[in-house]
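These notes are about the structure you will find just below.
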Amino acid sequence: MSVLVDSDTRVVVQGITGHQGTVHTVQMKLFGTQVVAGVTPGKGGAQVEGVPVFNSVAEAVARTGANVSVIFVPAPFARDAFIEATDAGIHLAVIVTEHIPFHDMLTMYQYGRLRGTRIIGPNCPGIGAPGKAKVGIIPNVVFRPGRVGVISRSGTLTYEIVNGIKEVGLGQSTCIGLGGDPVVGTSFVDALPWFEQDSETDLVVLVGEIGGTAEEEAAEYIHQHLTKPVVAYIAGRSAPEGKRMGHAGAIIARGRGTAASKRSALQQAGATVADFPYDVPALVAQRLREAGRR
Amino acid sequence: MVKLAEWRGKEVFRRYGIPIPTGRVIRSAAEAAEVVRSGAVPLPVVVKAQVLAGGRGKGGAVRFATTVEELQSVVLAMLGMDFKGETVKELLLEPKVAVGRELYLSIALDRSARVPLLIASGTGGVEIESLSDDQLVRVPVHPFVGLAAYEKLRVAEAFSLAPPASKELGGLLDSLWRAFQGEDAELVEINPLAVVEGHLVALDAKVIIEDDAGFRHPQYAEIRDDRTPLEEIAREKEIAFVQLDGDIGVIANGAGLTMATLDVLAQFGGRPGVFLDLGGTDDPNKVTEAFLLMAKARPSVVFLNIFGGVTRCDTVAKGLVAAMTQVPDSDRFPLVARIRGNNEDLGRQILESAGITALSDLQASAQAVVEAEKLRKGSGGSP
Amino acid sequence: MVKLAEWRGKEVFRRYGIPIPTGRVIRSAAEAAEVVRSGAVPLPVVVKAQVLAGGRGKGGAVRFATTVEELQSVVLAMLGMDFKGETVKELLLEPKVAVGRELYLSIALDRSARVPLLIASGTGGVEIESLSDDQLVRVPVHPFVGLAAYEKLRVAEAFSLAPPASKELGGLLDSLWRAFQGEDAELVEINPLAVVEGHLVALDAKVIIEDDAGFRHPQYAEIRDDRTPLEEIAREKEIAFVQLDGDIGVIANGAGLTMATLDVLAQFGGRPGVFLDLGGTDDPNKVTEAFLLMAKARPSVVFLNIFGGVTRCDTVAKGLVAAMTQVPDSDRFPLVARIRGNNEDLGRQILESAGITALSDLQASAQAVVEAEKLRKGSGGSP
Amino acid sequence: MSVLVDSDTRVVVQGITGHQGTVHTVQMKLFGTQVVAGVTPGKGGAQVEGVPVFNSVAEAVARTGANVSVIFVPAPFARDAFIEATDAGIHLAVIVTEHIPFHDMLTMYQYGRLRGTRIIGPNCPGIGAPGKAKVGIIPNVVFRPGRVGVISRSGTLTYEIVNGIKEVGLGQSTCIGLGGDPVVGTSFVDALPWFEQDSETDLVVLVGEIGGTAEEEAAEYIHQHLTKPVVAYIAGRSAPEGKRMGHAGAIIARGRGTAASKRSALQQAGATVADFPYDVPALVAQRLREAGRR
């Protein structure tokens, strides 16, 4: 068992003929993922890296049994691409596209809830379960099969940390990059129970950022429900208040959402909080040893 | 985000049916006199500096005039004045009105709940942060259905208005909600929403439009009141740009890694200045652009910290090498490069054949950066 | 429902941004001549009778004129003409255009799926019922998100347009959807949607507004083109009114019971005429109004069939007795009353003390009604 | 077990201070229903027939544990009243109000789905389970406890038939009046499985009307899934095509939805179809005898 994706996952790539779509189709296939279809309206009948391209998601689903979508289409078209995937019966959509207006994301989130389609992202690296499937853009090289679950709001910082876990000889069960946008389809609180229930996960690494209160809510959930050890890192401890550090998800507003409040909440919930990203792997190893898992 | 000046925000309000005072924007004393003489805005008037910072009332950026002569001298005094770092270029003239009550109303995103949140208070005209929770009504607004009657009733209870204002409230709330959605706003705020002669009037307007929705609102692309020249270039090139207080320039990819880099530099006492976030790119030209932009910011030392994912290390290396040939000697800076991830070895080869050392350990790199900065400062600044 | 005449429908289209020909409504030959002479509508023109029935083209309700003289004679011929029971009072003048292709587009409610359904066909200008399923594209539209890009693409594929029409389609579809929602329409239909000089133009407009949404659209309350005087009175009194071919008047409560009454009468060969459905009322005045309305329709016999629920039997009885005193002798009709349900005994007492027999068995009552009608007809009609 | 409501149902009456709201509050209480609260904005603190009135549904729920709402508010306000009930956590709303614009009903239906609130109605008589609870306006006198389930699109016609069932000495398990509007929250197909699963129901009476295709879809469902006998009556066999017989739900369009097509579909699905409403009780008795249930 892994989280959200496994070796039965059949991926359709929306926007497969775009540059990123094609590049990551190759990478997902190299990872071992069953990429069964691509969709680009008007390019049906083509092939991209051996993957058949269809004009619509409905057609892709009907012809290939695709059940998970990864969306690379440009931001102005992402909302409609998601609605299309949802209407076609896709139950999980990983939205890589960045710069989607949050008003569109509000619509997508509610529409997904109405129709039963889970969103990971947007502006996210996606999901990777080593040895099973990868849906998204996390570099293949950082993975190694193992029993550490990773949930993160960041992109490259996640790669950095996942890679570090590999380099100390450990591996990952499933890694999910939630994306750091103001409105995300899946938050820490949504994802934590999956890892708690996952029989292949022994420990959860949580990578957060300043801004918002998702980490504080995660701490509350961890305190109440999580039996597995948690190691966390919160980026932006030194960031000045009120500055926008690269995306809208990282604005500090009105004293809430500071690194200090997040770190303290997580520590009080029993998580081990790393000061720097490169400290995470050793802390993971230590917590696993304490838990008798290594 | 695009912060609209008060008069632009009020123009948005007007389009959505929110009552505003009859005002005129002027840019000279002559223009001001003409506006008053023509009767477009009757005396006495209030003169409001069109700056984005708050606290205008206390800071002398809102003044009054009862005669044309007084108006002209007020305008001359205000135009060109510095207000919290902004230069006053435009003034809004409005009739001075007798304000009955001052209320507060805004809609912004509640990120945790993933719904817009309407906030109302019967105590307006003050900084909303200064109000306690029991002075605020918080109403989540479902994006599919807008404000329901029972939600409006909660606001009405907080305001406890008399007619005709009480009759106007429901429509005004709907208008504010439509403006928030229709303009892809991050914030719509009326503070104060005033009762003037029994009617509701928006005496101020704070509207912030989301950048990402620019493709739906090309009219806002021209508004750049709150951007420095470097920020403007960054925006055009789609590079996230942050100006901090220090001297170390940082180029990284991804917001999380950018912030982590800041944390690591701080550990060694490094004080970052300009931050550039490349985001997920594999276009060498964008990397070159970022370096040239960084050169313009004149950092004492630059730290390149890349973890290759979407952005491949060789792409960054090529862009960097290309940039180095274009930076004029006078703008040159010491560089510490740290690259990991996709095509890491290839990237390192490209950099090294151009004479740039590429490290892989983040902590060691950060230490090297801080030492390089100290060296440079010790040597007396720019060459 | 309010069926809008073509010109009113086109006015709705124009407001929502759907391109329509530049036309003018005229009510006299002089007006027509003036419209053409002033250049408001250039010759040659098409003259379209503003009636609600379909098949205008074949039925001579759409004609052409190339000179002012011809126009005047066409207008004189058309005004006042009878078209399928409607008198032509208004004509729409539009420039005659060279139509490239004719397409079909509509949105109506799909009751089973509980979503609006957009129907498109590359074969327009004909009755949509005459098209086979493979000539139609059916697109369910989710009320919370409107038409998604992939859904528009399905329409685009059905139409296979060339630019500029192909570029205009997406916006037109959005406009049609907004009109459907914004006007609380039961139907918005463009047939034909034509390609004229490469551009999309709505050459006809069929818009039906839902009665129940009248509180949001008071402007439609004035339009009663398709109602008979009796229907108009019924509407004002909120009594559902149906005119059929026979002579038996039926007053019942509830649509289901009304239809069941029809079924039972038919069993005995009864032919119902005016049907009134009281709905759920417990206002005796409304019952009285219904009886007075029924008297105006001059039925040969009236069958009152009430099952008391919300409508209590005593209320109906009181209203009925009150009505009987107000109906002039010349309008009197034989009455069979059948009441069951809430306060049945009380209702029966009230009726009987006024000399009206109240039955309880539906089948027996219906039989009595039909026999009463036969008796009356046999006796030579109205007294 | 009954369907949708039982003796634990705690009803809040929205629009309780209106004439109909008050009248039917009395009737529901006489039936034995737990009417625990009323809501009329601005009239909080009052009492109607011994029932406390609150300004909002949220307050009513918090103070009285109401879990089912019956809505009597005028049509222009019904949409918002339903949203209020839904936001307050009410899981079942019976909407009696007639003349609600169908565009509003489309919104309400989808919003209810999104938030998990079931709608019965609008323009409907509601639900009655003799001996347990009544939520709506079906006259109390027509009921008698028993084992016949009734689902109907009509109002008074339902009372007529339910009363007929009582008069032949049988009784009802639960009776649901779905309402005959163009858009209803619950259709035959939604309601049939509840009766199939209800251990207290032996037979289902289905009362339909011309217009729409709800009866045809019900026939399909009955054919595929129903093991219990069904007796049906379709009103409007003699209605001329294209005439509006009292409400928008009864328009015959394009040859679909005729009485003939509905009757034939139901017969083919194994239902007994009555020619006239007064034939229903005898047919019910006969089918129950055949099934060994009487």
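We just call them A, B, C and D in the order they show up, numbering each chain from 1.
Just so we're on the same page, contacts are C-beta pairs under 8 Å (C-beta built on N, C-alpha and C of every residue); 3 or more make two chains touch, one makes a residue touch a chain.
In this text, all values refer to a predicted model and were calculated from it rather than measured experimentally.
Listed by label, the chains touching subunit A and subunit C alike are D.
The chain pair with the larger count of C-beta pairs in contact, out of B-D and A-B, is A-B. For this pair, subunit B with subunit C, the centres built from the Cα atoms lie 54 Å apart.
If you average the CA atoms of subunit C and of subunit D, the two centres end up 28 Å from each other.
Taken residue by residue, subunit A touches two or more other chains at 107, 110, 114, whereas all remaining positions touch fewer. In subunit B, the positions touching at least two other chains are 142, 144.
Applying the touch definition to all chain combinations yields A-B, A-C, A-D, B-D, C-D. Residues 1, 109, 111-112, 114-116, 129, 142-144, 181, 184, 186, 210-213, 215-216, 240, 242, 244-245, 252-260, 262-267, 275, 277, 279-280, 282, 306-311, 340-342, 361-363 of subunit C touch subunit D in their complex. Note for the complex: subunit A touches subunit B at residues 19-20, 23, 75-76, 98-104, 106-107, 109-110, 125, 137-139, 141-142, 152-160, 163, 180, 182-183, 187, 207, 209-210, 212-214, 217, 233, 235-240, 243-250, 254, 275-278.
The touching residues of subunit C, when paired with subunit A in their complex, are 142, 144-145, 148-150, 153.
Considering their complex, residues 41, 55-58, 77, 79-81, 83-84, 87, 107, 110-111, 114 of subunit A touch subunit C. Chain contact summary for the complex, subunit A toward subunit D: residues 110, 113-114.
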